[in-house]
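First subunit A sits with subunit B, and in the next complex the same chain sits with subunit C.
On to the complex of A and B.
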């Protein structure tokens, strides 16, 4: 190989990233829009989505997508920032859903009260039940969180409590369609930006430290189990919130809330969207859930398409859409002579 | 035997190796000396091919882009695009920095994993030789790797590398974190391996003093460039080397 003709591609940060780290010195409208555009596209895009879809069916699909997006967000937060692989999305949905159903039908709470109630109390219940495996490292959390939804569904079935296999019926719906469409979207955006902020605070730094090296965190005088349980509480609160919303949309709560779909689809969405970006998994849900609806005509064959999409992503773009997209947006490439 | 010409390695835009050329003849010990961040480990990874593996993993995770240039010739054959496993089959064996032994396997299991590619009689012969070289390991055969002391782990790492039947052995910082006594034991063992097994050895180290007595030829790396090279005597006579690497001030 002759050395004279060699060249390589280098990646250069765009000007505004280089000048300051974190605190941006904004000099022009162009720079302002460079920073604000991606966020605005997301917010405005999500908010006008229900308006663009005249069909009631597709509006409902968007709402269900939001439910999955909450779960994907909570999965990504736990997996990438705390190092806990949660397979318990269905558990969070189930607990939140049943709590909201019970509060609404047995105690007569209105929906605007049952949803926060189910989220906050459900988060506490989930954290308490998952607590025993938090001091441990390794696969225990994943296994236990996978077992709980199966276990809960069988308990409700066997003991015939909370309506047994029939479920709880006669739950109040949302007062109007506008609320039904925009409450999940609005809450999703709030949760997304809140978690993004959270992981950059000091508390978030400790959480990431727990993932990297929990012994070093312990040696710095911090209680690893405490930090893990707070993180699990935050993640399970989001999961329970989505479960509570789902119950009020369907006006019914049953053991299908503990279905494995709620655990698996968010993970697939995280693979497609790019783990660790938080927005990636949300975007992944907005791709996967509608595709899954479009393929409904194919019956069980849609699992095949689904699997093909996933495998394709893992082979050709294993970093995920958003990791790729963010790099393209923040850096440019050029050839340099060596 | 092994010759690298104009090696350049970029970690994204950072230059880790800048036009480094080294060579190692048959049955010779070559030392590579340099401070932290001089590029010693990168050079070893490049020679062993591990860097191709790192490059692939980073690309899949969307991380840093690793760029490599230059040529590596081994027994007259260009190998710079050969996978690490194929290079190991050809006899280029890396004994990595910080030992990286299999922590949950016992000593004997570690050695057997190392000898996976060797034929049964070869493995048996080498195993006997490793135990002769490091008698301590013989008594610790059943001990789990993670519970060995630092020195024992280093012996195990070298033993494991020998089991793979190297023709050229790459020792990356074998003396890291060892006591002076253990250092001198290991260095003598290294010379003995070279003489007995008739193989070439490349050894990197931060401190030249303990390793210098056994090397035939040495290179000094600074900030990714090979700034100096020579036989042991040439380097020992060089006033810059004497002051920078041996702390001997000229009067």
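On to the complex of A and C.
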């Protein structure tokens, strides 16, 4: 009888005291850096990125990447923590962008006022308009939310309001390049860590409960629609914020703000980065958007190479970069015989 | 006012298309008692639970809880008033640890009102309170069971988790939808004292059951349903002796003997 030895991979948590409860995290530099290093790498890495890239073109690419990163963050938050798969990214950008444009050109608000205004009011507008769809879940919500950007663009085109197909021109830009580069980056980092904190609170736990099992939430005496609308408000505020920033960068607002790129690319970034990690989708954007720019040299073949890279990621790192990275960081692996 | 029943159902009717799942069913539940609802498969037991707690809208009829008409209220409002339910098919938050499953109901408006604490107060944060409730209901505190993900827990613990979710709300009424089904005899044996203790603590229970022997040990009154209609209501012994009940369950006379030994 042939003896076949079977092996399996064993994963063991690294022996770090930080894992245990208490004050161990503060006991040594090693433990402290184990916790702080990944976060510092991310924060410092993002902040020095504009300094490393000398030419204006790439600095602009970084800023546009931030726009997508906001959308990816909002998509991942809604899809993974609330169970609403939203294809409404373009809708958020459009509403936020147009609100900022109107506030700036019609009412004369300066950019530092239009951006928070567009984010907060735009979030409310988006939540109100999406409210009738909130009982839907998963892919059904996705289909309906995809309708909103298409619908809005057609309404503006047909009624010829807000400049119609020409869009709104003459919007103020940022006062200087430094603000233009660092305002989106800073806000992105704040949003990222705020959402990460939010999902671990008791409120975030209820949101996860809504995704897992909304009947049990109802049976616990909580209004599912209320929690869903709060989550949609948070997500659409981030989307509108990015739209408002975009409008001030381009100094123009038009129906291309409702382009489906804003709905689709964040999803691709989430697949690459690892869904549910929040940081993964942001990193995914910082990979995908620059790659897409680099591929411009290939002309019409660009989309082919872009698709190949995406397929490669899905086949070889289907769990997502960040999930893989976190596992490698927190655990080591070895082969054991069964 | 003292004579007023805690929960009163008046001629509840529910039709799914042409099928009458419930046909003018009326009953009352007094504070502190345990009402059993039994009946063959498809007789409308779970539909009653869904109608009482607002999970489905009834075609006609009224439900009064503490004298207030709750028949048009949404489920979360009804649960907020203290009328809670468990699900026959357990509905825990599968991706969360058992004690985190309780943090969610503890976050609800009713728990904040009735718990006498606001997270981090005298009784500790919601995690601590959650583990306390789990221990009360039979999760071993010092073991790893309360910390395990709900998807890895066996049926017995999940049934207890369903009850614990209701208890987190400090309810007045718990409607248990087949809390004994799918459990082993020893698991049921440990569950019965739990039910008795809940009654001692003043919680009113409505129990939908197929396990008649265990139900009759704890129930004060039993109501029998068949094809959406109320057959009889009364003391467990009277109900067992009734010919119509035997017929509904077994369809023939000679099988009735089995019922007597159940």
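Miscellaneous remarks
As a working rule, the second predicted complex is superposed on the first by the 313 of 338 C-alpha atoms of A that agree within 3 Å, B and C clash if a C-alpha of one lies under 4 Å from a C-alpha of the other, contacts with A are read in each partner's own complex, and residues count from 1 in each chain.
Keep in mind that, in the parts below, a residue touches a chain if its C-beta (ideal position, glycine included) is under 8 Å from a C-beta of that chain, and two chains touch if they have at least 3 such contacts.
From a predicted model like this one, the values you see are computed outputs, not experimental measurements.
In the superposition on chain A, contact of A:205 is made with subunit C only, not with subunit B. Touch criterion not met for A:334: it reaches neither subunit B nor subunit C. Once the two complexes are overlaid on the shared chain, A:30 sits clear of subunit B and of subunit C alike. Of the two partner chains placed around the shared chain by superposition, neither subunit B nor subunit C is touched by A:296. Of the two partner chains placed around the shared chain by superposition, subunit C is the only one that A:219 touches, whereas subunit B remains out of contact. Chain contact summary for the complex, subunit B toward subunit A: residues 6, 8, 10, 12-13, 60-62, 65, 67, 69-71. Residues of subunit C touching subunit A in their complex: 53, 55, 74-77, 79-80, 84-85, 87, 91-96, 100, 103-111, 119, 126, 165-166, 168-169.
Contact residues of subunit A toward subunit B in the complex are 1, 3, 6, 8-12, 274, 318-320, 323-324, 327, 338.
Residue ranges on subunit A touching subunit C, taken from their complex, read 202-203, 205-206, 208-209, 212-213, 215-224.
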